[in-house]
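Below are two complexes that have chain A in common, paired first with chain B and then with chain C.
And now, the complex of A and B:
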């Protein structure tokens, strides 16, 4: 239980002296450490293991079951509904991450410039972050399905006269817009923090040399912001791959199944009697999530960005 | 060619150079501060993207059903119909949903602050012990487990354990928010000099006393930001309560909005009054806690 002092050599903490390793650990520390570890094991690890176990059975969520090996996993790859959900969710996450980063960086640069009403504007742009996703989605649902078509019809724009949420090939755009609307503030604040860390001298020097604004942006701002772009990309993917609340309020997966997200397909396992099958889907989703995270971490490592 | 060289030289000499910290430049720029009005206008126009949906929600909430049923919804409500709020309150039983949301967020916030800060303190003080180090990595692992991945078995388990209720939601909120905050607290605690804690020990303080009297006060600004973010997450969450809480009468404010969609159906004015009431608590809290929200996101990003 008590670790040997050999561990102290790898210690990253300033405090512990070499002999502390041999002393008996103060029980108070165990009382502090154990509740999270125990709760975590009961509520997250064990259900996770049980779920993985069921993914190789034909368990329906009730009654008897038997092992069926990897049949569930094989079935997923020929299930258009699940494949569609992966295509939609990953594609939607990709587009939203790009949109959110572009808008957030532009806003942060604007808010960091010599402008009037800085505080008020900043406060306004952060506001969407604090509102519940499903409530925002209901508000935009009305805007997209009633207000926008009415305005478009009055202006004679036929292309937008119907609700974009009722159009299977356009509904995803609505989901992207609302998700971005809510996600921009968080990314923007991170960019603002990054911009504040850039010394103003750098820009002054560039001014002296007569650099254009665009040149200053590409040669100074962007390279110095790469680390923050990486953070925002990772956080963005982490959130968007789990998309649920906003889609439920906006399209509920429709029209048809055109905006059905991975989370939504997994949750159908509660009611549809294919618990084990959706559990296999969940395991696959976990692997995809980890793969995307590792891929991003690898990118970080290559760029030598320190977090 | 020459210009780039000078630019590099200028940067090299002025930026790092390890000069003694000089007074911050141009904090209060009196001269040479030309307001960029074009950009201000541009940003003000962009802020309409946030303000218009807000304006729209408010006007819709103040209309009569006839007004709400016609036009785009952007026209001003006249006469103002405040009755929507009482109607929405009565229909959704807002008072009860509010109490349940408050209960879940309060438990989640205090739970995360207490458990995460204590665990982070224990870990940072015993980093040389394998048990603590591995526990740390184990707990951080949760950051990579999205809720949908374990939702099916977890919710089954919650119902077996008799936790298909707000208390169960609060526990899961604590667990899913804990990892990241243990990371935050640990990063901060590592910056506290070990001598400080040692001297408390020498003065005869027990570990528990050191934590309560020394560490918790030091963590106060941290607790504020952690608290705000756990509150926002917990209060606004739809996914977990909608799946876990079995009894619709015990649902939180966001879930109630979806439960009453069919009742709202044609009465958009009442629906929007309900949405506005659902938004109000966090928006009001935000207005007062704006400063911490900003610094909190930054802190999370830099450390995380």
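And now, the complex of A and C:
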């Protein structure tokens, strides 16, 4: 906290002299900045605005259309399938973020310790990250639907003899496991980088004071890693709220509609002539995502962590 | 706009030796090669005005969004192209002599998904008929005749079950298979599907409510019969997919299988020696009610923005010459939609083909429901929970909600 307010003061003091610098902006910055701004505007901002416009029409993506006001938005709030998708996606993201962070942190600490084959193990644990989500999903689909039940049946465990993906109240667990399996390496790499940045002398001092490993973890590692936890949480939420490919390959939204994500419902608009309605859904999803991001940024600001 | 676009494009085409380049879209995976070799190549050689190029990968909707549609499309006709007709982005083909050869009862199928008065904007090309695929040796071994009534069907199930054979192999992990099979066959076998949906359309924003026409009202007996068949399926149906089903049925794990002719090729690939046949699923106790579930597997249309509509009509006429059309259909387990179509010879689909030629057919009730309503997923819940009331209520509510927001 003190660090940020100090920085703020210095920048305020430095402000008057910045006047001079403003007149001669290095053209290199313009050259670097202009293409991304233009590309972002053409491919992200403009289509976004066009989509928002069509969300108040009955457009199918082609052919005739007319304005229908806020009918699409009103309909969303009484559509149990869309509301169900929001409940599922947000709940799923929440659980997955916690699971991914816990596992990734544990793995990072383990792989940072003095163990044999450290490099090889790190490489192995990163593998899931480089495989495409849809491929992972199909492989796990086979494991959950065929291999696991066969093993469970052979061992006489009746509770696991059916596929969890075929059980409407358990299928989400399968989705969480597979998503986490793919997302853990990315988070783990960030944590490893964080652990390497902690100076070793703090630990040495703790050793001199006779602190236990657990005490060192809670009093040194965790507080110094808070910034990385925040980064992983934000990146995780961003990815999991957009969940699509793994769910399509694993359950395709089923059984029933129990694992339908928001991105999947939006996508149905393209094939059903329901374009405008799902555009309204997309606008709503955009607002929800912005709200969640602002909330997270507020958390960061309060904790005084810089990104 | 169309004329403006046509100018530069056809000029482009004529750059290559004065021939018009025709963009033809056809994406049924099983016959892409067939079209290239047996239809397009001979046509390109037979004349010197038109060069047909085959597009099998791009998105039809995207081409309409870009306002650069194909010249001629030959693809599956379902609710999605139905919206093309409803949104009036296709041209009327009713004036073509080929349109007059088509059986009126088949042409009518086009309008059932869209605006009936624009039915002639799409010409049927190839009909596929679906029903129960059955394992002929198993039927013979247990002395079971092909059932023609509901009670005979249940008797057959009992016979197989007491012999420790799964009567129906089902694949509930793929929702579309429940929709295409169990739901469509029982629903189509019991009700006048087209009539029901036209009443539902006519009810407008009242459709799906108890005061008017609703699924609850008409489909209650259908759902009851569907659930009566569920106990006769393989115990692991909930986690089996379509591919699993094809291999399992080919292996002999089940006497009957609710799939269309597209699965017959897959089954033959897994076990070429298995003799299979097909019959319409009996859902009532009157054999006169037997009908085949049909699908306009391929149909032809020319979008309004097509760059070369005249060339498209020329190629369309070629496609619809009896030699080309009847050969294609005979080679691909399908039926030609015209009055003087030859009889179906392939034994595996001959029985269903006869029903189609007698006019005893329907389009599956599941195919009338827009994808905005995930009926396949609801059916999955139904077969797992066996709660028919909840299924019908969900369907009615969704239908009504869709009507409320689309009919404003």
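Note that in this section the second predicted complex is superposed on the first by the 267 of 307 C-alpha atoms of A that agree within 3 Å, B and C clash if a C-alpha of one lies under 4 Å from a C-alpha of the other, contacts with A are read in each partner's own complex, and residues count from 1 in each chain.
Keep in mind that, in the parts below, a residue touches a chain if its C-beta (ideal position, glycine included) is under 8 Å from a C-beta of that chain, and two chains touch if they have at least 3 such contacts.
Please read all numbers here as calculations on a predicted model, not as lab measurements.
*Asks:* Given the touch rule stated above, what does A:300 touch, chain B (first), chain C (second), both, or neither?
*Replies:* neither
*Asks:* Of the two partner chains, chain B (first) and chain C (second), which one does A:231 touch, if any: first, second, both, or neither?
*Replies:* first
*Asks:* Between chain B (first) and chain C (second), which, if any, makes contact with A:99: first, second, both or neither?
*Replies:* neither
*Asks:* Identify the partner contact of A:152: answer first if only chain B is touched, second if only chain C is, both if each is, neither if none is.
*Replies:* A:152: touches no partner chain.
*Asks:* Applying the document's definition of touch, where does A:140 land relative to chain B and chain C: first, second, both, or neither?
*Replies:* In the superposition, A:140 contacts chain B only.
*Asks:* Contact-wise, after the overlay, does A:292 reach chain B, chain C, both or neither (first, second, both, neither)?
*Replies:* Neither partner.
*Asks:* Give one of first, second, both or neither to describe whether A:90 is in contact with chain B, with chain C, with both, or with none.
*Replies:* After superposition on chain A, A:90 lies in contact with neither partner.
*Asks:* Quick one: is A:28 in contact with chain B, with chain C, with both, or with neither? Answer first, second, both or neither.
*Replies:* After superposing on A, A:28 lies in contact with chain B but is clear of chain C.
*Asks:* Applying the document's definition of touch, where does A:170 land relative to chain B and chain C: first, second, both, or neither?
*Replies:* neither
*Asks:* Return the residues of chain A at which the contacts from chain B and from chain C coincide.
*Replies:* In chain A, residues 61, 146, 269-270 are touched by chain B and also by chain C.
*Asks:* Note which residues of chain B are touching chain A in the complex, please.
*Replies:* Those residues of chain B that touch chain A are 3-4, 6-7, 10-11, 14-15, 25-26, 33-37, 39-40, 42-44, 46-47, 49-51, 53-54, 56-57, 60, 71-74, 115-116, 118-119, 121-133, 135, 138-139, 142, 144-157, 171-172, 174-175, 178, 182, 190, 193-194, 197-198, 206-208, 211, 232, 235-239, 243, 253-254, 257-258, 261, 268, 271-272, 275, 278-279, 282-283, 285-286, 290, 293-294, 297-298, 301-302, 304.
*Asks:* Show me the residue ranges of chain A that touch chain B in the complex, using the header's touch definition.
*Replies:* Listed in rising order, the residues are 1-3, 5, 7-8, 11-16, 20-21, 25-26, 28-30, 32-33, 35-37, 39-40, 43-44, 46-48, 50-51, 54, 61, 107, 110-111, 113-117, 121-136, 138-140, 142-143, 146-147, 150-151, 181, 186, 189-190, 192-193, 199-202, 204-206, 208-211, 228, 231, 235, 238, 241-242, 244-245, 248-249, 262-263, 266-267, 269-270, 275, 278-279, 282-283, 285-286, 289-290, 293, 307.
*Asks:* Okay, in this complex, where on chain C does chain A touch?
*Replies:* 61, 64-65, 67, 79-80, 83-84, 87-89, 172-173, 175, 236, 238-241, 370-372, 374, 377-378, 380-381, 384-385, 397-398, 401, 404-406, 408
*Asks:* Which of the residues in chain A end up touching chain C in this complex?
*Replies:* The touching residues are 58, 60-64, 68, 71-72, 74-75, 78-81, 144-146, 149, 162-163, 165-168, 252-257, 260, 268-274, 277.
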